[in-house]
Structures are given as structure tokens and as C-alpha cells.
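Quick heads-up: structures coming right below.
Consider the two complexes below, in which chain A is the common component and chain B and chain C are the respective partners.
Coming up: the complex of A and B.
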């Protein structure tokens, strides 16, 4: 019985942690190429899942996916063009922070005006009855979240390592100036990384929506948790954000059960502070030496 | 030049006086009443239902000739469930719009933040929906000379008492677990539940907390399950309550859910789907034509707003009744002055037949609650609607329950 409870908590923690991880993966993508982040990542996820909710009524779940992914790419490119490009050009240290937060707020207001502010039910493509695995219950959709998130991260990593365009992304990530000198259009690469980042957010959005409900306010808390995950795992490591997500998700459910549900969020934040104090580049991050 | 000027002046004066004549003839100086609540945002389903119920009653009254021969004019403002917006609206309605009275409030926090301005300016407030116990107590004499805050809803002490009575006495559960959200609403409700349980000599096996926006309730539910809870008592709002019902389905653990009236929110019913079936909660009004008056109200609401299911039936019904109670008080006071309306509300002579109940002296100087614990009945979520948990509660002699006098 006790072991079963532990197993159930870990399984639920993995499902929650994977949600954090897949959003944090989006932070990592843009940080790698441009050393900037989209602080509106949670809002990108929210906006795409609401677009998905509208589209899904006409197309069904699986045909909706590519449409939402395309929407996510466009949304990401818009964020980069409007909020980040100018800051990079002028080598502004903080302009992009304010700009991406501002764009996030604008997207949230837009969503509130179009879809209202109530939490809405997202139709689940799979049965909503749980599956029992050796006494541990899990929703079919939660399995899809875990597998889908892993598959997407694998796809992005493979793309970056194998395709010629992906190699340009990696080259830009390693040394933007050298890549530029080699004839790589680095500003296009950065726009592309933003598009890719919002695409992962869009995918995460429609993946988790059947489990979490969707609505204009869904992005805020998730975006923030994912940011903590990105810091814990390390912004320069794709592997790190997955592990970081799992650590946070499992800690939350375990603390909730064994300590108190009133303190559920505390250990994750303590971990964040510890990581920032002792290994600021994250558990899996490579520490960057800033050349002045 | 001076002739031209004078002619122009004379023309303007004539124009001005004619328009003034015309306007005073058309609108016989309407009685302005403020209407405030969250018409957008997480509690919008309650705010909009309340607003629509109020507008329905005002339209009926105006069609029948108004109050004191004057039409009622509603000044609607969206408080977005935000305390600071509520305060701004209170000041605007009092100073700029100079309302005679204000109706509204869904959220206890907004009500508490805003109502002191009405109290200071001696303008009566009819609180249609917010349930925080403190609302009607804040200005109870001797704290201030006169209390201007009146309530149409069942407060949290009534609700928590009913929840505990249902769980322990009527259904015989021995091991309740409390799940409440971390807001003021949830935490104060939890305190009321614990008090009511203590009065019955029952101990909660566990009390668990969750945050607004939480999507995973595994920890809370497993704690309740390991403590061998046989019933779950809730104090939260729609989306998270739905996650509790869905989480129970996921864990394959099903015990009854009994909670505050928010289990009737459409965000709970729609998001929990079949998992929410069987949840019960206190309701002052069930969307069921159990009296001719109720049937007429439901038909009128459905026709006016083109809906089948009223998003929040009790908000609509309490708002509708609130207008008739206020109108009766203004008629009795023969005045639109705040202190006179307040006095009339505290000593209302005629009966007001509403849809929730029939109001016979609903308020006194020391009691500003129109609902007593015998009036609400239990609603039950069934196939996406709230029905009466026990049909006998809303039929026959039980259909209209009157306030108990003490």
C-alpha cells in the first residue's frame, strides 16, 4: 500500500514535470542561439492552445495539431521581430526582457477578449478513463504527454544535429560572430529559433490542455514554473530541462503528500535558490565565461 | 454685429429651453441604481447571471409604471472581481452617478473593500451573491449607527452548517476530509466547516489546501484516501473543484463530494463532466418550475437571454428578488433618500413574493440576512445540470420556505 502510494505520486509527478520540462525546453531553444528568452512563453502556450480549441471543433484533434504548430511558429517569429531583434541589434541588456513580457501581456488581453476568462474544457482525443498499471493509475493522455514531449525534444535535437539548417543553428549557438563570418545569416537563425520555441510551446499547449483545462490565465503559472525548471536544469542543456522538470514535478507531489499540501511549492523554490547559489548555470549547464 | 449676436443668442436660448423641456417630459427623472459585479473573468458566470436577473426585474417594474411613478435606471459597472476596481466603482457610482442604492457583489473581497464608501455616504447596498459572513456584520450597530448593507444570499455560516449537517447527520459519514483553496474564500470557509464539525463532535480526518490554477490534485486526494476519508467537503471555485472530481476518477477512488454552493458553477459542471455527477451543494434556488412564480421567472430569463441552462441560477434568482425587495422599500419610504430607504428595508411591512422565497419582514435593525438556514435546499449535479437532491424539498408545502423568526 505504501509503496503503491509512492509509485502513484512519482507517476503523477512525472506527468506534471514533463509539462514543465517541455515548456522549459522552449526557453532553452532561444537562449542557445541568442542568449535571450521569451518571457511570454507561457502566453505563447496559452494562445496556441486556445487557437487549438477553436480549430479542433472543425477538424478533430489530430488534424488540428499541424495547424496549431504552424500558428505557433508564426507567433514566435512575430515575438522575435517585434520584441527581440531590436534589442539584439543595439546589444541592449534588458530591452528584450521588457519587450517579451509586454508582448505576453498583450497576448493574454487578446485571448481574454476573444475567448473570455473562464477555464474551458478541451476535448480529449483519448478515453478519459484511467489505465491501471500494477495498481498505479495513469490517464492515457498523461502517457501521451510524456511520450509526445520526449518525441518532440528528440525531433528538435535531431533536426539541429543532422540537417544543414540545424547545423547553422548549432553554429550560431556556439559562436554567433564566427557563424556570421562563415556566411550564416544569424539573425534569420535567431528568428527561426524563436519560431521553433513557440512551436514547442504550441505543441505543449494542445498536449496538456485536455488534462489541465485551457483559458487565458493558464500560461502565467506554467510559464513561471517552467522558468524555475530551466534555471534548475540549466538553460544550455536540452537534457537538463527534462531532468529539471521531473525533479520539480516529483518534488511537488511528494512534498504535498508527505509534508503538507500547503507547502507544495516550497521545496521546488528552495531547490531553485540552492542551484542559483552553488551552480548558477544549472545542474546540467555548462558555465559560460563571459568575455568582456 | 450686435444684432446678429443677439439673434444668435436668442436662438440658442430657445433651442436650449426646448431640449430641456423635451427631456424632462420624456424621462421623468429616473431613479438611478448602481449594479456592480464581475461581468468578465473567472466569476463572470455568476456576475452575468446576477446582472441579467436584476435587469429582468427592472424591466418588469418599469413596464408596470416604475417606482414612485419614476422608472429605474441601472448604472452597470464591471468590477472584474478586483478589490481595487470595486473601490473605484463605488466612488464613481456615489459621487458622479449619485445612485440611490447599489446592488451587486459576487466576491466577498470586493464587497468588503467597496461597501464602506456606501456606508459613509448612507447609500443602501443590496448584496446579491457574496457569502462572506463578515459582509453584513462589518457595520452592525453599535459599530456604526445604522447598517446600510443587506444580503440576499446564504452566508458561509449557513452553508458550512448545512454541509456538515448533510454529511454527518443525514448521510452518516464519519470521516470527512476538507479540501479548500488558499484564497480568503476557501480558508474562511474551511474555518467555518471545522467549527460546524466540532459542534457535531466529528473530527476532519485531514484538511488539505490547493492553489488557484492547480491542475494536479494527486497529493491532496491521496492524503484524504490514506486517512480513510469517506466523504470530501469542498470550499473552492469551479475549475479547481473540477480537477478534484477528475483527480478522483483518475485515482479510481470515489467518495461523495459535498461542498459550498460553488459546486453549481458551470466551470465545475462542464469541466468535470460525468466525474462531477453526484456532487451536492446548498442552493437558494434550483432551476425548476416548482411554483408558478418560479416558472414565469425561468421562462422569462430563457426568452430574454436565449439560454436553456441559466449559467448560475441562484445568482440570477437572488439578483431578481433583490430588485423587488429594494423597490418595495423605496415605495414604502416614498423617498429616494438613503436613510429613509434603509429604515424601510429594516421594517418592510408588505410581503414581497420572490422566486427564492416570500420576503416577510426580511430585515431588522440587528439582522440584515434575508436567508436563514431553513431556506436553501441541496442541489445535485446530474447530467450537466443542477437538480434538487431531494424532490420533496422543492414540492408541496416545502416549495416556498419562509425565514424563521427569532
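Coming up: the complex of A and C.
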């Protein structure tokens, strides 16, 4: 086995893995406050990425970023209002699953009608020639992906720990009724967590698009794999999604190279099935501190 | 300060409270006693909007708050230290207290001196001061009860609802909780105290209501009820 090839594969796997991690982090955000997930998370990513593709023609990459993040927030809030709120209110066990899937399909159709079905090239803000580092080729954009993903998660964590509104989000996640007694509008907190969740997906979308391609069909697989990562890492275990993302990203590139690209998607799903059968709280899931 | 007329509430089709009327005057300590399952917790839950009343009216300082969601009721100055304490286990002791002042810190209630009130809570509950950076989930039951009360006080409330603050605590801690309630009374905090531990509640309260199967069975000055033969037989006999 050639060590350089292995190192190269790992490096590529890290970038993809961080993307999975960020999207999975988005799943955690809504799960924490509402015990629901946006099963249209992949489509949220796709839609924002395509909006980014249109905006980037006018503004350039870096100014496009905040615009797309804002769009992602609005999109997430819409999903919560239309698809999730009613289901939470009526304590429906599955209403939100159907509703978020349905909204995802609608977003996909919308995208197909606006941008077509083909994969589209997303202009890269950085040189597309790889940098050689000790014999391993790294794309500048891959470095941005890793740093950007970490920065995004760190920003959300800092917000939750330091600001009074972030603490209100944590309080709502701990005990929604008690948070209401504090004067916290917990419905609004849940809408906000959906906005934040779609924002992280939007961010992941415009980070990965310059490396891969974008297009109306980019969301499904990403959303599903990130879901696997969220389960593997644990839906409530903070940074477990980074490790989960890296495990999946790296095994994927390794499988793709050493076995066949045809089997690229298999390890993630096998891992998902194994975790679901043997450790459903996730590899890193601790049981939450017991309420007394 | 708190005026409740003909409150009807329950869970879905099951009615628990059948037209309850209560009055908590400003600066007074009123207690609501009754046996397990009488509907005491349900009363407080209906008052603070944790469940929606089916009928009746609830007023705080003359303002009708009936049917509002709990976060809006809190903004009118009603604090509720719920049954089972319900502190936020992952947040630190200090952050739990800041959550109590959430409405003041975010502008939906007059801000006042939050830092000063925080310091006063740590004076009133020295054990919380020692543990201010600790996660609330790691506190003992007694400490969590203190925290739940302090957190509710951080609203600087017009009315404070206390649901069984003595529940599940060792006798020495029960004494401590009642001593704290007496101190709050001396500070003229308006309180509605729910207790199963009727003897102690009647000792500290100004006025009392007795709840039986969702209906008021008796009411009067605590001093009078303490000597009422029926009340003694039903609620004080077994306890002492």
C-alpha cells in the first residue's frame, strides 16, 4: 500500500467529512429544542447552494456568503412554520416527518424548474490548482471547508454558552415547559433553531459546491449521509458529529479507491445500521443528565 | 394582587378543577393545602399558563391574563417554582438564575438591578453561591429546590407560586425551606404556597384555602383553620 496515496485519500476524506459534520450539526440543533428533524435538510442545502450560484454572479463569493446564510435562515423558519409547528402542537409522532420530506420534495421541484436538472459548475473563490504539501495535494478550498466548518460550529456553541438568547435555547432544550415559565417564547426558539439548522446547511452547500458541483440533485445523498453521521455521532453529543463525519468521509474515499466507486456509499450505510442496532444513542452519545 | 374567579381546568376531557376562586392580596402569604391528587398542582399550572384554563378569570394586579401562554404570563410578573423543581440541568447555577431574569434582561420587564438581585440570591441561599459555576443537574435535591425558588425570585415577581417546595427533602432541609419562606414573607413577597405538609404551611401563612377533589372545601385565616376541627382531623391529625 502506497502511503502517499493513503494520505491523499484521507485528506480528501477529511474535507467531505467536515461537510457531513456541519450538516449533521444542523440536525442536532433542531433535535435539541424540538425532538424533531428536518428530513429536507439536504434539499435545504441544495436550494441555498443554487441561490448562492445565482447571487455569486453579481457579488463574488465572499459577499454571497452572508446573503446565502440569511436565505438559509428564512428557508428554515418557513419549514418550521409550515411543516413542524402544527405537528409539535398536536404532539403528532410522525406528522413532522412527512411534512419535512414533502417540503423537501417541493424545494427540489422548485429548483429543477428554476435551475434545471443538470449539475452546474460553481465558481471557486480560490485557485483551483492543488497545493503540494509533503507530496499530498490539497485544494485551497478544502482548507476553507475544514476551517469554515469548525468556525461555524464554534460560533453556534459560543452563542449558546455566552449570550442570554443562546442560554434560552439551551434552557428550552433542557425543559421546554420550565423555559416557558422563565418568559422564554419557546415556539420562537424552535423556529429559530430551524433557521439556524438550515443556515448551517446553506453554509455547507456553498462550501462544498466549488469542489464538487451543484444542482437540483445534490441534496438527497448529502442529507442522508449527514443523517447517518448524526446517528453515528449521536444526535445530542455536540462534537460527536465531527468525529462521525470524519469517519464516514474517510471510509468513503478509501472504499471508493480501494474497492470501487460503485461501493462508495455502502460503508456509511453499513455503519449506520451497525450503530442503530448496537448503540442507538450514537458512538459518542451520553445519556443526558437525568432530570430529578 | 392575584385574583382567581371560578377557575375550571383539567387535562383534555378530564376536569380536575371545578370553579375555584382564590385571592392573594399584595404582600401576603396564602397557602393552598389538600391531600395528594386534590388538584393543587393543576391550580398552579393553570395560573401560570402551563395548561390552558377552560373557564374562569385570572387577574394579576387587575390585568386579565386568562388563557395567555406561560411566557406572556411571566411577563406580567407571575413567577412559578414548579413541582419537581425543574431546574435546567445542563446550565450552571448562575445561568439558571439568569434565566429567571430572562424577561428583565431582554426588555419585556423592567430591568432593575439584576446583578444586585443575583447577589441577594447568593446571600439568601449561600449554598448556591458556593456552587454558582456548577451544572444544576449535579446539585442535591435540597440545593435544586433552593435554586428553583431563587430562579423564580429573579423575576422580581408580583406574585410567586411555590409548588411543594418541601417535597422529597429530609426534615432538616424542610425546616430550612420553611425558614426561607418566612424570610421572603418578611420581605413582603406576595406568595401562593402549595403544600401537602399542611401543619407547617398553616404555621407560616396568613390565609389558607383547603382543596378537596378539585373544589374548595374551606378557607379562612391560617390561624383559624389551624384550630378548625375538620381541618385538624383531615390534614393535621395524621401529620402530628
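In this section, the second predicted complex is superposed on the first by the 280 of 292 C-alpha atoms of A that agree within 3 Å, B and C clash if a C-alpha of one lies under 4 Å from a C-alpha of the other, contacts with A are read in each partner's own complex, and residues count from 1 in each chain.
In this section, a residue touches a chain if its C-beta (ideal position, glycine included) is under 8 Å from a C-beta of that chain, and two chains touch if they have at least 3 such contacts.
No experiment lies behind these values; they were computed from the predicted model shown.
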{"item": "Partner chain(s) touched by A:184 [first = chain B, second = chain C, both, neither]", "value": "second"}
{"item": "Partner, of chain C and chain B, that touches more residues belonging to chain A", "value": "B"}
{"item": "Partner chain(s) touched by A:168 [first = chain B, second = chain C, both, neither]", "value": "second"}
{"item": "First, second, both or neither for A:119, with chain B first and chain C second", "value": "first"}
{"item": "First (chain B), second (chain C), both or neither touched by A:5", "value": "first"}
{"item": "Touching both chain B and chain C, residues of chain A", "value": "none"}
{"item": "Touch list for chain A against partner chain C, complex", "value": "164-165, 167-168, 170-171, 173-175, 177-186, 288-292"}
{"item": "Residues on chain C engaged by chain A in the complex (per definition of touch)", "value": "48-50, 69-71, 74-75, 79-80, 82, 84-91, 95, 98-100, 102-103, 105-106, 108-109, 135, 137-138, 141, 144, 151-152, 155"}
{"item": "Chain A partner contacts - residues on chain B that touch it in the complex", "value": "40-42, 44-45, 182, 208-211, 213, 215-216, 218-220, 222-223, 226, 238-239, 242-243, 246, 249-252, 266-267, 270-271, 273"}
{"item": "For the chain A and chain B complex, residues of the former touching the latter", "value": "5, 8-9, 12, 15-16, 112, 116-121, 128-130, 132, 137-139, 211-213, 215, 217-218, 220-221, 252-257, 260-262, 264-265"}
